[in-house]
Amino acid sequence: MVRIGIIGAGRIGKVHLESISTRVKGAKVVAMADPFMNDETEAFIKGYGVEKIYKDYKQILADPDVDAVFICSSTDTHSSISVEAINAGKHVFCEKPVDHSIEKIQAVADALKAHPVKFQVGFNRRFDHNFAAIRKAVDDGRIGDPHIVKITSRDPEPPNPAYISVSGGIFLDMTIHDFDMACFLVNSDVEEVYVASAVLVDPAIGEQGDVDTAIITLKMANGALCVIDNSRRAAYGYDQRAEVFGSKGMVATSNDTVSSAVVADANGVTGEKPLFFFLERYMGAFAEEVRQFVDAVENDTEVPVGIHAGMQSVKIGLAAKKSVAEHRPVKLSEIC
Amino acid sequence: MVRIGIIGAGRIGKVHLESISTRVKGAKVVAMADPFMNDETEAFIKGYGVEKIYKDYKQILADPDVDAVFICSSTDTHSSISVEAINAGKHVFCEKPVDHSIEKIQAVADALKAHPVKFQVGFNRRFDHNFAAIRKAVDDGRIGDPHIVKITSRDPEPPNPAYISVSGGIFLDMTIHDFDMACFLVNSDVEEVYVASAVLVDPAIGEQGDVDTAIITLKMANGALCVIDNSRRAAYGYDQRAEVFGSKGMVATSNDTVSSAVVADANGVTGEKPLFFFLERYMGAFAEEVRQFVDAVENDTEVPVGIHAGMQSVKIGLAAKKSVAEHRPVKLSEIC
Amino acid sequence: MVRIGIIGAGRIGKVHLESISTRVKGAKVVAMADPFMNDETEAFIKGYGVEKIYKDYKQILADPDVDAVFICSSTDTHSSISVEAINAGKHVFCEKPVDHSIEKIQAVADALKAHPVKFQVGFNRRFDHNFAAIRKAVDDGRIGDPHIVKITSRDPEPPNPAYISVSGGIFLDMTIHDFDMACFLVNSDVEEVYVASAVLVDPAIGEQGDVDTAIITLKMANGALCVIDNSRRAAYGYDQRAEVFGSKGMVATSNDTVSSAVVADANGVTGEKPLFFFLERYMGAFAEEVRQFVDAVENDTEVPVGIHAGMQSVKIGLAAKKSVAEHRPVKLSEIC
Amino acid sequence: MVRIGIIGAGRIGKVHLESISTRVKGAKVVAMADPFMNDETEAFIKGYGVEKIYKDYKQILADPDVDAVFICSSTDTHSSISVEAINAGKHVFCEKPVDHSIEKIQAVADALKAHPVKFQVGFNRRFDHNFAAIRKAVDDGRIGDPHIVKITSRDPEPPNPAYISVSGGIFLDMTIHDFDMACFLVNSDVEEVYVASAVLVDPAIGEQGDVDTAIITLKMANGALCVIDNSRRAAYGYDQRAEVFGSKGMVATSNDTVSSAVVADANGVTGEKPLFFFLERYMGAFAEEVRQFVDAVENDTEVPVGIHAGMQSVKIGLAAKKSVAEHRPVKLSEIC
């Protein structure tokens, strides 16, 4: 039984609490901390049988009954808490991104060299049934050598403008999942990034120096080309599809829906919209990523998404920002 | 070059005229006859380069330049003109049904024994790309031994009540195509018929002693079971699907549409309705059935749909009527 | 918190134990009984925190800490234990079928009149996301008045022959779910049944007097016609589809799969087979039916599947058997 | 009746001959010329009733009985013959591309200013049922303002290496159709092009200085972003899909197949591969583009694809080549 302390009781911290408590065998949340802990949150947490509830996450790090910590605090604290937790000998599951700074992510990597605990980054989409099926088809050689990777990733609605300003921009906030997905689907790093982008959804996003619509081209280290298309607002909901095309064929996935029901009437043949947003679409993936983290801790095996993936995705994000700023393709080797 | 005379210049006669003229190589319409021939129709026919236009079909039968006749007159004349044409040594393509009377169909069969010309019945749906693909999958053994056949056949709108009274009823008019399809898909005759039926679309149909909604169960001679469901009115258009399930798997088809375009918006994901009715859906099949008839004439090979199929489908239709009347399963051997 | 005692620790009892423990809020399994309780089963049950483990179910009925019992014992004991539980004032969730005998089901109905506890029958498929979506479309009037109901229900593999002999035959064992589904989808009872059936999967099934392939036609009390097709063995797995056609349109569902991944290669475009069998396909439905039962108990509202449904489905099953035996359509009013 | 002379009797010339003769009303091929005319070709042409067969296309231009010419000769002669034909007062249907040189296309445009005959460029895909349905959905406002355009265009197999060297490279030979499609789908010109490309299909293609795999990003004049992905070899056949995403929704098309038949068996659920190549997929479009050209000639209305489209597509192609050569985004205004 892996005993888990969750640092951060915001939305994603609560998702992990519920998911671990009801859908992950062999793990148990024993402590939870949040600087803004209040009565309501405390009651919610206690409802899952968690007894140790703190404001200060350091109490979790100091607790010998905690085997692993989940870092679900604000992004700017991920890397420093990670280093502390690693030095305290705790296994770490860190939400994405590890940081917006390469230097700070490197500090986490350095800490791991000194204290080789398990460290997993929360790229939950790798554990989605559809994307995992693509990767399996690629690994099984069903499509041959990958030539083209296509990822469609569109949110149902943009975040509020206040969030935009602290998000690091669309590439470090939203597309970072797609960057990791590209690497995951064909098991390769990225060498070069080019972005064409626009503000088409909401001028307020542009006013904050960010974009809301983008087509990002990646050259992968294995020679494949990849394209990601992003929008902050799809009128029909959360659009999450991928396709890998290779020398022997293609594998592609479509969106998930609540049901397969289709109504044919005088207006046409109408099926359901995609599941609304990430909590609906990736609930299974949130549980599965934790199961595999728990497995890695229990059996002392490699985690499925390590610090390299955490570093790679941020580098691609920074290269994407640079590509927009300088209107040219940017090599990952330029980012340091 | 097979020289064709078309008897009957109603809708289906015109369909064959246009289809043969523009889409069938190796055949040519040289004559056309209709007792109600008028200027407009004559102009239409001449537009396809047909020079011999008559009121009396006997002129076609007497014409040594005509190799084959298409019998597209009213149903009650199909069998007698067929016999005349056969006796005149013409190859015959006869629209379905050959007749509503077993005796009269037998007369055609007898004439064919005496004069073995080519005689094909116009069960055009056998030549539809989708249904032909099912039959091919069955023939190729991809689904093993057939166990269950399912046919959905729903019209977009009922015929006008006046037609109902001369149609012979839904089973001889509409379902007859599905009866032939059942035999075709698994290459087997039928042994027994049971019908559950209702008047749900239009009370006027019931007032004429007919039904507009039916589920027909067939026991096939090869041991398979078959179910056909019919409605005279599908709000979304012409619904023409089939499925064969067997010991090794299943093959199924869906409806054809004008395009594959799908629109996703706040209301869902909407594709097109099926092609509206038989002229749209089966236009390719109308050409293909003639191509194969012409092949059979030119190469003296067997026609793809002979008098046996013409007889079998009517027997099933009469058994279906008897099943409704007597509220019990009826064996085909009872029909004679 | 509804405290539940489970009677019967076979496969379905264990399914409910796990499902209630991990996926149903507001309910808790406190006791479990099975005459063949052994160490392994006991350990499994204890793993879910259940403390009271018995051989004799009467200990559960006598326990004042038990609010509701789940009857998951062998079919021949369902009705008698139901009556005992009702008389003991326990709410009852009874697995299907309630019994093979109309008389014994009536005894349960009579007990309920005397002691109006909540009594729900385990027709889990009503709670499946796909079938629930069909019913909702019907209730919302999207397809108008229902005219035709079609249910495809094919198992991936037949039960072992020993089970066939105690199963009551395909109609009371397997099709009973489909009978209930027909009633559920269009919210109507059944008036008449006709069956065409065959032994095409395994001669051993025929040797036991049962069939393995069937097409069942139902006349519904609301005027709609329904057809169910069954096979004991679909090479591609568990085939569970339905369609309702009405005056304004049609609603249909397809099978669920592990993922939406589709591989296109030189052989074609290949998607996944349906989820293997009922434990995979209906796991969500097993949780949902219990959630609604718990709701009904807690809020003293009507259960979603009561004794009428339990009685109706068995009557249809008995009529189906009679239809096979007497080779004719059988009215439900003949069954008593 | 529009009387047509076809210049060039290669593959595409023959396609137009057959298509006009059998599927286009109101037009007739009266003459055909090819410098390499031989007996076999002559027999083929005569089979369609064409009487005037020449080696020298100038005989067609001089023929007062010819209303319009189809220029189906080799690409390097398109523009000069176009100018000659325009000056001779013939309407012109010119195969794509008009030329590889902007200057020469401009010469055609200049000739048209002096002699305003009808001049249509053979971008047949605009007339495909699927792509036309996308454009209609866009025009009807069903997806709102276009934000993202996605075009997948993959050939079933690469041309032979000898052809590569005269083709002008993938962008002027293959992608030029997709460039025109991008402009067509959202009714907009292009402002900037960026290409990521690779040689992944056949090293021989790379040896000739060309690429076989590419992801091309376009900035459209209307603000939308577009991405095209190309491969010279898709193992599953001709992949021709498009999608337009906008402020109110998305419209997308899938590939066409010979039939809708799907086989479910122990290996999965398998549908057919896309139609093999352009002759199969776009046969209907070849007829439709001519129908609309004939309409424009007969009714003196605007042609659906004029010289502007011919110029725009080549400019984009040249910008794409420059983008590869200089590894940067290239504005169309740089091409002159």
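Letters A, B, C and D mark the chains in the order given here, with residues in each chain numbered from 1 onward.
By definition in this document, a residue touches a chain if its C-beta (ideal position, glycine included) is under 8 Å from a C-beta of that chain, and two chains touch if they have at least 3 such contacts.
For clarity, every value in this text was computed on a predicted model and none was experimentally measured.
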Of A-D and B-D, the pair joined by more C-beta contact pairs is A-D
Which chain is most remote from subunit C in terms of Cα centres? D
So, what's the distance in Å between the C-alpha centres of subunit D and subunit B? 40
Cα centroid separation, subunit A vs subunit B, in Å, comes to 58
Provide the list of subunit A residues touching at least two other chains, using ranges where the numbers run on. 235-236, 248-250, 264-266, 272
Give the list of subunit D residues in touch with subunit C in this complex. 234-236, 239, 264-273
Which bits of subunit C are touching subunit B when the two form their complex? 144-145, 147-148, 150, 152, 154, 192, 194, 196-198, 200-201, 213-215, 217-219, 223-227, 229, 231, 233-236, 239, 245, 247-250, 327-329
Quick one: which bits of subunit C touch subunit A in the complex? Just the residue numbers, please. 22-23, 129-130, 132-134, 137, 142-143, 248-256, 258-266, 272
